[in-house]
Amino acid sequence: MDSLLNSIFSEAFLSPIWVSLKIAIIAGIIVILIGTVAARFFARKQFRGKAVIETLLMLPMVLPPTVVGFFLIVIFGKNSWAGQAITWLFDRPIIFTWWAAVIAAIVVAFPLMYQSAKSGFLAMDRDIENAARVDGASEWKIFFFISIPLASKALISGSILSFARALGEFGATLMFAGNIPGETQTLPIAIYIAIDSGNMVMAWLWVIAIVTLSFLML
Amino acid sequence: MDSLLNSIFSEAFLSPIWVSLKIAIIAGIIVILIGTVAARFFARKQFRGKAVIETLLMLPMVLPPTVVGFFLIVIFGKNSWAGQAITWLFDRPIIFTWWAAVIAAIVVAFPLMYQSAKSGFLAMDRDIENAARVDGASEWKIFFFISIPLASKALISGSILSFARALGEFGATLMFAGNIPGETQTLPIAIYIAIDSGNMVMAWLWVIAIVTLSFLML
Amino acid sequence: MANLKLQQLTKVYNKNEIAVKDFNLDIKDKEFIVFVGPSGCGKSTILRMVAGLEDITHGELFIDNQKMNDVSSKDRDIAMVFQNYALYPHMTVYQNMAFGLKMRKQTKTEIERRVNEAAAILGLKPFLHRKPAALSGGQRQRVALGRAIVRDANVFLMDEPLSSLDAKLRVQMRSEIISLHSRLQTTTIYVTHDQTEAMTMATRLVVLNHGQIQQIGTPKEVYEQPVNVFVAGFIGSPAMNFFSGSLTASGLKIGDQYIPIPAGLLPQNSSQDIIIGVRPEDMYIESATPMFHTEIEAVELLGADTMINAGLGDQPFTARIPSSIAIEPGQTLPLSIHLNRMLFFDSQSKNRIF
Amino acid sequence: MANLKLQQLTKVYNKNEIAVKDFNLDIKDKEFIVFVGPSGCGKSTILRMVAGLEDITHGELFIDNQKMNDVSSKDRDIAMVFQNYALYPHMTVYQNMAFGLKMRKQTKTEIERRVNEAAAILGLKPFLHRKPAALSGGQRQRVALGRAIVRDANVFLMDEPLSSLDAKLRVQMRSEIISLHSRLQTTTIYVTHDQTEAMTMATRLVVLNHGQIQQIGTPKEVYEQPVNVFVAGFIGSPAMNFFSGSLTASGLKIGDQYIPIPAGLLPQNSSQDIIIGVRPEDMYIESATPMFHTEIEAVELLGADTMINAGLGDQPFTARIPSSIAIEPGQTLPLSIHLNRMLFFDSQSKNRIF
């Protein structure tokens, strides 16, 4: 019992929780903001090439996580254009950093937010927005006072789904951000490592932690 | 160039493709059949405890893959009731076998099929089924001749999504079925291993293979 | 061809929402019965209980003297036309009509014969190989009818079949359904919220409100002798005018207006306060000895007729006059009422007393 | 309060679907203009171009002599009532009505005053703090009207505002809108597919078909002097009867039926083949010297009136007679037509020639 308590308050146990929470919250906020704006934009505008851009945005939902991780490594790797720019700016490559985990979480969570928000914006009676237009509201006021409140159900369920997805991200993070305790070792990775090394107690504790976190969201 | 061709036709390259395909196809068929029947049942019937069962069925979509893998190990592990029954029946535990990979794929792919099929059945005008009822069709005939054709779009998109999910499954499979070349080493796992060991050529080839397979589905 | 007996039919949802209460009705073979009432009055629920699409909470349903409560839809030998057509969208018009016959294991030649016959009656021959999506609203309605009539069922049920058509088509389909019934003579229950449909189509109509029967009768009976204020106000367009007034020995007082009425035309043994019902067409302009004068508030030109809105003893009413008489709002008109067409209702029970 | 000028207004979708073509109309201050036509005739598209919700492909729109083509909706000072109300579902009735005033930066006291005034006019005071979902259809309609009138805008646009109400409520809201207009006098464009609404509400009505103006005129003009077969058939319910016949020196031949007509009542200089239009109310039973005898096929009781369907020279028609005359299908009736009310159309161009 003592050893269980010791485990719970140990740095080794708490560290993945903080790492996961920080990553999921920051990625979640970015995904919710960009996803909402992008979804509204794509739900209302028609233009050439729209289908191509949408397919690219949705791809991470269909591709296996290790393929997403592979492409992240290729895009942000040391030899790529983006990778070299980052190395030049920050004096170090992004791969195997905390920011790499955030990027992985954003990429896999974005499609969920986008899809949910877009279906919310599409389902709404467009004439309600038109009524606000005639009532003298600017496009931004319509977005904030009409579109967002009316799509709120879809936006909230999208937010929950994408937060949960960011929190649970494993494959791409493992490949792109690695498994650095205290920096990129998230809960899902910690669980995997614990099972792999036969530490069932820690695995149970982390599973309970992540399931609790997911439920707190609801 | 020669070495590239050698790589492509090597057993080492092709093996994960066959493993992945077999697992995804078998899991996909099971998921499509059970998912369609379950979705129709839950879309039409009301009973106590329905919400609890549905939440359980949908959980693998929200939970991180490593948590799913963890629960699979717990449920089918050597010490569990189910694990012991399987060991008794087949003379060996299921963990780290090809069937474990199929089960992992089924569990993670099922919610996608179920959700899509259910929304298809819910969206349909129930009076069309009632018209068939009045026209003298039995419940099974209504299911096959009316409900399935009318929900076909949702069923097809659910099938594609769940097949893609089964094909791309990584975390739970890695934990529950392991990484046994020729038996449980699927494409996503092979890509991870290749990157981990710095073999970018094989990684590229496998990524191209899995993306091609996904696109062939569409 | 069948008779139906609905006995104490009751439908309760969620243990305490009573949708239909103690509904009793005998329907004779070949009748065209219309259930009419405002939305939520339970008329569709009854129809769906007859069809077997809703369970019967209490009471009994007989078709041709056979109890049907526990017989499933597919074995009741009824045909139904649904509100939104409910066509099979993935089948052609031909397949839509043939489906019920196939399910009942008719031979292929018999199916062909019957579908072609129905298609000929309904003018659907050119569309047999189209899908419903490629048809207009009126054509879809015809397919729904066709799907019902090929079946040669014992009973037709129609659930607001014309409500999604526009006004012109509605009038046209109304007479097509009437002539179809006079040709096939199938016992029919027709549900509608539209009193015009009810009046024009029914051999008998059943007026419903809040899940209970208000009145059963021929259109003429219901129009001329409504049993209560609800039926009087629901049937007829524009609606009957109601005035609250009081009885005197030799006439009526409505507000500050006194109307002398011969004793024989007044209710006896009634309390003093009553509700007087007058249909818009039973008021007329009379210059010689008008009952009252009134200032016209609004005028609605309806082609052949003009509706005028005005007040009698400060209570608003609508009267119908021929469009040949030119009338402007603000004008004062001398008006009279056909006294023998006035109806009197109890102000408490709202039932008609005379 | 404003006048509008629509000049050659044209709307083309996807480069080649012409929804509206060269629409010209001057609307005077305080007019109540109704656009009427079957669905798909382009009437809503024009309204949405005036509202700024659709781009104008060609042509020009002026409000109070200012060109509006490139002015955005929010700066046009119009108020609009939408077909499905389009209320803000997350706001209370009060907030719904106040929204437009807030957007236009009115003071809080001014907003309160105006919303309360509009709520009083429309009987919405008890519901100010409810959400739209807690209101009945008629109340929602009133909120939509209220949201438009608080704005005190220059122009009201109404897009089939009554189409989702049931028949009874439609009649009631119709007169409420008319009295609202006579009180506020705001220039209004009202779009409907319902010819009854068009007839009863318009100061002038514009009949549209296939994106083109068929006729502009007062309800009386359009009813009595329709310019072509489309207008004649679209306006009036039941629809006008059309017979194809041929002219002789002293009368008409319709099928095998000859009808003698005084020369002054016949068109001159016309080709022999013509279409004759007769409204159902312009036929009557005349025992003394009937124009023709006909066997009644169907009878529709409509309360005060009865519609009879029969044939003249093998061409079907509908006539309206008072319900006081009892008629059965199968009976043979002597009928006449009010000759001075007959209309004549060219059989080729379908335009009225007399």
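As written, the chain order gives the labels A, B, C and D, with residue 1 at the start of each chain.
Keep this in mind: contacts are C-beta pairs under 8 Å (C-beta built on N, C-alpha and C of every residue); 3 or more make two chains touch, one makes a residue touch a chain.
Molecules present, by chain and UniProt name: C, D = Multiple sugar transport system ATP-binding protein.
Since the structure is predicted, the reported quantities are computational estimates derived from the model, not experimental observations.
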Could you tell me which chains make contact with chain B and chain D both?
A, C
Rounded to a whole Å, what is the gap between the Cα centroids of chain A and chain C?
58
In angstrom, rounded to a whole number, how far apart do the mean CA points of chain C and chain D lie?
26
For chain A versus chain D, what separation do you get between their C-alpha means, in angstrom?
55
What kind of graph do the touching chains make: line, ring, star, complete, other?
ring
Each pair of chains that touches is included here, namely A-B, A-D, B-C, C-D
Per the touch rule above, chain D residues touching chain A in the complex are 51-53, 72-76, 78-80, 82-84, 86-90, 99-100, 103-104, 147, 151
State the interface residues of chain B toward chain C in the complex, per the touch definition above.
125, 127-128, 130-138, 141, 145-146, 149-150, 152
The residues of chain C that touch chain D in their complex are 38-39, 166-168, 171, 174-175, 178-179, 193-196, 199-200, 219-220, 223, 235-239, 279-281, 298, 300-304, 307, 309, 320, 329
Interfacial residue positions of chain A with respect to chain B in the complex
62-67, 69-71, 73, 161, 164, 167-171, 174-175, 187-189, 191-192, 195-196, 203, 207, 210-211, 214
